[in-house]
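In the two complexes that follow, subunit A is the common piece, with subunit B as its partner first and subunit C second.
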Partner chain A sequence: MSARKSVLLWLPRAAALLLFAWFIFGPLSNLLIWSVAERWFFPNRLPSQWGFRWWEYVFRPQGQAMQSLWLSIWIAVLTTVVCLVLSIPAGLALARGRLPWRTLLLLLFLLPQAFPNLPIYISIAQIFYTLNLNGTVLGVVLVHASHGLVYSVWITTAAFAAVDPELENAARNIGATPTRTFLNISLPLAAPGIMASAIFVFLESLDEFTGSYFVGAPEVRTLPLLLYTAAAGGSIQVASISALILLVPSIAFMFVVERFLKADVLAKVGR
Partner chain B sequence: MSASLHIDRVEVAYGGVKVLKGVSLDVAPGEFVALLGSSGCGKTTLLRSISGFVPVSGGAIRVDGSDVTAVPPERRDMAMVFQSYALWPHMTAAQNIGYGLKLRRMARADIARRVDEILAMLKLDGLGERMVGQLSGGQRQRVALGRALAVNPRILLLDEPLSNLDARIREDVRHEIKALQKSLGITAIHVTHDREEAMVMADRIVILDAGTIAQQGPPEEIYNHPASPFVAAFLGAANAIRLVAKAEQGATHIEAGPFNGPARVRGAAALSGPVIAHFRSEAAELVEAAYVHDDDLVLRGTVRQVSYPGGFWRYAVAVGDRQFMVDDDRRREPGAAVGIRLPPDAIHLYPDRAS
Partner chain C sequence: MRSRATVHAWLLLTPALVLLAAFTHWPAVATIWHSLFTTPRGNRPARFIGLENYADLLDDPIFWQSLWNNAIYAAATIPLSIVIALAMALWVNARIPGRTALRMAYFTPTVLPMIAVANLWLFFYTPDYGLLDQVLRGLFGFGATNWIGTPETALGAMIVVAVWKEAGFFMIFYLAALQAIPPSLHEAAIVEGASRARIFWRVTLPLLGPTTLFILVNAVINAFRLIDHVVVMTRGGPDNATSLLLFYIYQAGFRFWDTALASTLTVVLLLILAALAAIQFLVLEKRVHYR
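What follows is the complex of A and B.
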């Protein structure tokens, strides 16, 4: 291959890659800079004064950011538990049982995603208001769970479907009751998929804004809500730092999910 | 610990399709029975209804006289070796073998001792701590067998356990399983579509066809006396030719036809009228066209094709509109007129219902 030809080949690719990287890392680096900018006014390309004052502000004991972070994590944990408690039996039934309305049931869990979020959350907020669930952690958890169940039910169903039924038969055959078979064979073999779905639900809950806003605010102030308030109130530094805090679990768990979610499980999603 | 098994007119239907149409079978304690048949004949369904995975729609299954038809699989005290082995990939070989013992609440030390015993018996020493994925096909097969044998089951069920092995290993494993089964005195039901495997391993062969038992008996009996054209064809006597017979003094006299000479065949029952004769290619011999014999049946045809597989010649001989493969030591030219000589005990005669 001639030198000119190879340049023609890699140049557009390198340019596309750079553009792509800029789309992802551009806003991120902007966040990073803002988090350590103490003074940054318009015509300047970079902050005129750098420092960690805002980090101290966010992380000081009486600051709301840490409180919001722990609340967000607590809500995410509760949401994950609710989703797992529902989706493990549901996933097993959908994967193994010959349910007559199987496809319909699976689609049912997709419904909250199929419609525009806003009208749904407004009606949920209305209903929750009559049930005194507005502004409670339980209300926010329920809203997050309705959203997270899509991931957990679909992925858990796929995880159980990927377990060879013959492995369960082998356990029954050697003397295991259906419960023992589930605990010793099906559950451990489906665990990586269930784990992956739990992580998805956790991250979704951690980042969720719209539902939390309509059902939780102002009493339940999760980190995304705090971020919104800070950004709306002109405190771009607090918003940037909150955003960076939110990024940490997402990135960490993405590596874990990548390890847990195997091709054979993914191949069964939606089957 | 071995038990007798009585299968009494068992019927199984999948959504209106009858897969087993009233199968009855008695198995004595310590007996090795092979269920043989082509795919879709119901042999696997029968094995799975014995193990309790397939619900029975009619009839009864009894083990040592007690009815287990409605008993769930885990309380039947049978152990199956699955075709896919179905070893649990999240456990080691030793954990796979010991799982059934753990379920029986055996003490940890006793389980370890029993597992070591099984590993040694199956020549798997030192492989106990391996994960299933780190074992070869032959080793997995033995772990699957060990898992089944560890619990001392009343009945051992084998679902085509050798079909995933290399042909060379398979020969050895056949004899190993047979020897183990005999030394342990365990009742065994073996499902296979491999005729030779069934013949080598089983005390009794049960041939299934379309959900019913076509014939059962010791290997040499069903091989030499197939009861129907189906069994004859299934056991290798796939060559068939239509003839006309006449019963004479307790023997069947085959009348000379356009492509065959006369012959006399002593069978269980003398036949008259149109018959169909089945024979194995190995039992046939090539002779001159003019060859005449009192008892032997001679079919007359012409050589169509010649090949040399090594050590002998293989001829495709056209007899009427049929073509048979016959091996012979002598070289003949295509187009030569020849006779196919069949000794009386190589011919299996059945009334020809089609004509």
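What follows is the complex of A and C.
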């Protein structure tokens, strides 16, 4: 292949790659610039004064952002625990149990995914109002958990279905009790999928905005709620920095997901 | 023995089912029920009026505008996000240097919280300051454009945000499916002398059928379900140019406290989704080859 021909072949590809990269990273870099802009007036192309003053403002110990961050993490941990405790048995039953109408039950667990969340939050807010659960951490956890359950039940079901039943039968044949078989064979083999579902639930809870807004606000102020009020209040720097803080766990967990979510589990989703 | 196993299975399943029923299925049914009543206000309790709410909806210009906006939004986001996802998956599946980093990069928008996505695009679109305007001015000499404040461009701007957010998520599923295709099929096609384009159309694409169906279902649902960015960026404006159906529900329910209108809109949205789901499963299911 001549040099000119290879340039003709590679130039459009490089241009497309560059366009893609800009499309993906352009908006992200804009956020980064805003977070270190102390002064930025029109018609300057870039901020006239750079600095970390707003970072100090956000991270000062008495600041609301740190409180919101810890509260968000705490709610996400509780939500993940609730979802796992409920979905591991449910996933096992759906993957292995001899349930009549198994497909219908799986569909029941998928249905909320198709139903618009917003009207549900309106109704839940009304129900919680009578139960005095509005503005409490428990209320927000329950809303996040009922939302996360859709993911966790489906992924754990797929994870248990991917475990070879022959291995379980072999363990039973050499005298292991059902509990022992579950703890020593099924659970460890399904662990990567369960881990992946836990990560999904954790991230969904951390990022959830609409439900927290309707059930939690203004008493329970999670980081997404703080971000919303900061942006609405015109405090662009606080909004960008909170957004950046929210990215950190997402990106960290992305690397974990890459490791845990294997193709064979993904391929079993929905089967 | 069989019945005992069934009882065990039910016992394992019940806690999850109860939580889901209490906080999702029951409120959903309640919403449908409320659409047959008037909105309760102060001293006036809700009154049963049958289908009158639905009749009112037919005369509501904002409803029709939202429906039309949503149709455009769906018609653009669904094919765009699927095609881009497939292109990206094919690209990062090939043996190119730095493909793990590339894969991560494409996946980044997906893991970002929608609220953060909305904010960073808000800055990106800002007239004059925003990176988009700066680059367009630098390269082509464009003037300042208020992308989300002009009725002609606002909906398009929302579509771009949605595609940016979704494509990476769909790419992951395509990637998993591509890696599950046995290489022997490609080798056989090459031995038979098939061109690369032909291999793609006749071997790869049909084998991706089930994945495409799964992604299509998700894309359709998302086209009617994702509105966080509308709430943050435009609030349905300017002049209802970006009011999607679900956003109108949000407005009716939480801005105007009109539960009757919100419930009625929800039922209409559900009917649309159900009709689309029926079409997908009745028409497309038959054409998809499962192995």
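Everything that follows uses one rule, which is that the second predicted complex is superposed on the first by the 260 of 271 C-alpha atoms of A that agree within 3 Å, B and C clash if a C-alpha of one lies under 4 Å from a C-alpha of the other, contacts with A are read in each partner's own complex, and residues count from 1 in each chain.
We adopt the following convention: a residue touches a chain if its C-beta (ideal position, glycine included) is under 8 Å from a C-beta of that chain, and two chains touch if they have at least 3 such contacts.
Not measured: the values here are computed from a predicted model.
Aligning the shared subunit A places subunit B and subunit C next to each other free of steric conflict.
Judged by the touch definition given at the top, the superposed model places A:Ala243 against subunit C, while subunit B stays out of reach. In the superposed model, subunit B and subunit C sit 90 degrees apart as seen from the Cα centre of subunit A, a figure rounded to the nearest 10. Comparing subunit B with subunit C, the partner in contact with more residues of subunit A is C. By the touch criterion stated above, A:Asp164 is placed in contact with subunit B alone, subunit C being left untouched.
Applying the stated contact rule after C-alpha superposition, one finds that A:Pro188 touches subunit B and leaves subunit C untouched. Contact with neither subunit B nor subunit C is seen for A:Ile75 once the two complexes are overlaid on the shared chain.
Shared-chain residue A:Arg172: touches subunit B; no touch with subunit C. Of the two partner chains placed by superposition, only subunit C is touched by A:Ile122; subunit B is not.
Touch criterion not met for A:Val141: it reaches neither subunit B nor subunit C. Of all C-alpha pairs linking subunit B and subunit C after the chain A fit, the shortest spans 8 Å.
No residue of subunit A lies at the contact with subunit B in one complex and also at the contact with subunit C in the other. Touching subunit B in their complex are the following residues of subunit A: 164, 166-167, 169-177, 180, 184-185, 188-189.
Against subunit A, in their complex, subunit C makes its touches with residues 2, 5-6, 8-10, 12-13, 15-17, 19-20, 22-28, 30-31, 88, 103-109, 111-116, 119-124, 128-132, 134-135, 164, 172-173, 176-177, 179-180, 214, 221, 224-225, 227-228, 232, 246, 249-250, 253-254, 259, 262-263, 266, 269-270, 273, 277. The part of subunit B that touches subunit A in the complex is made up of residues 51-53, 72-75, 77-80, 82, 84, 86-90, 99-100, 103-104, 147-148, 151.
Note for the complex: subunit A touches subunit C at residues 20-31, 33-34, 40, 42-43, 45, 82, 85-87, 89-90, 92-94, 96-100, 105, 108-109, 111-120, 122-124, 127, 142-143, 145-147, 149-150, 153, 203, 206-207, 209-210, 214, 224, 227-228, 231, 236, 239-240, 243, 246-247, 250-251, 253-255, 258, 261, 263-264, 266-267, 269-270.
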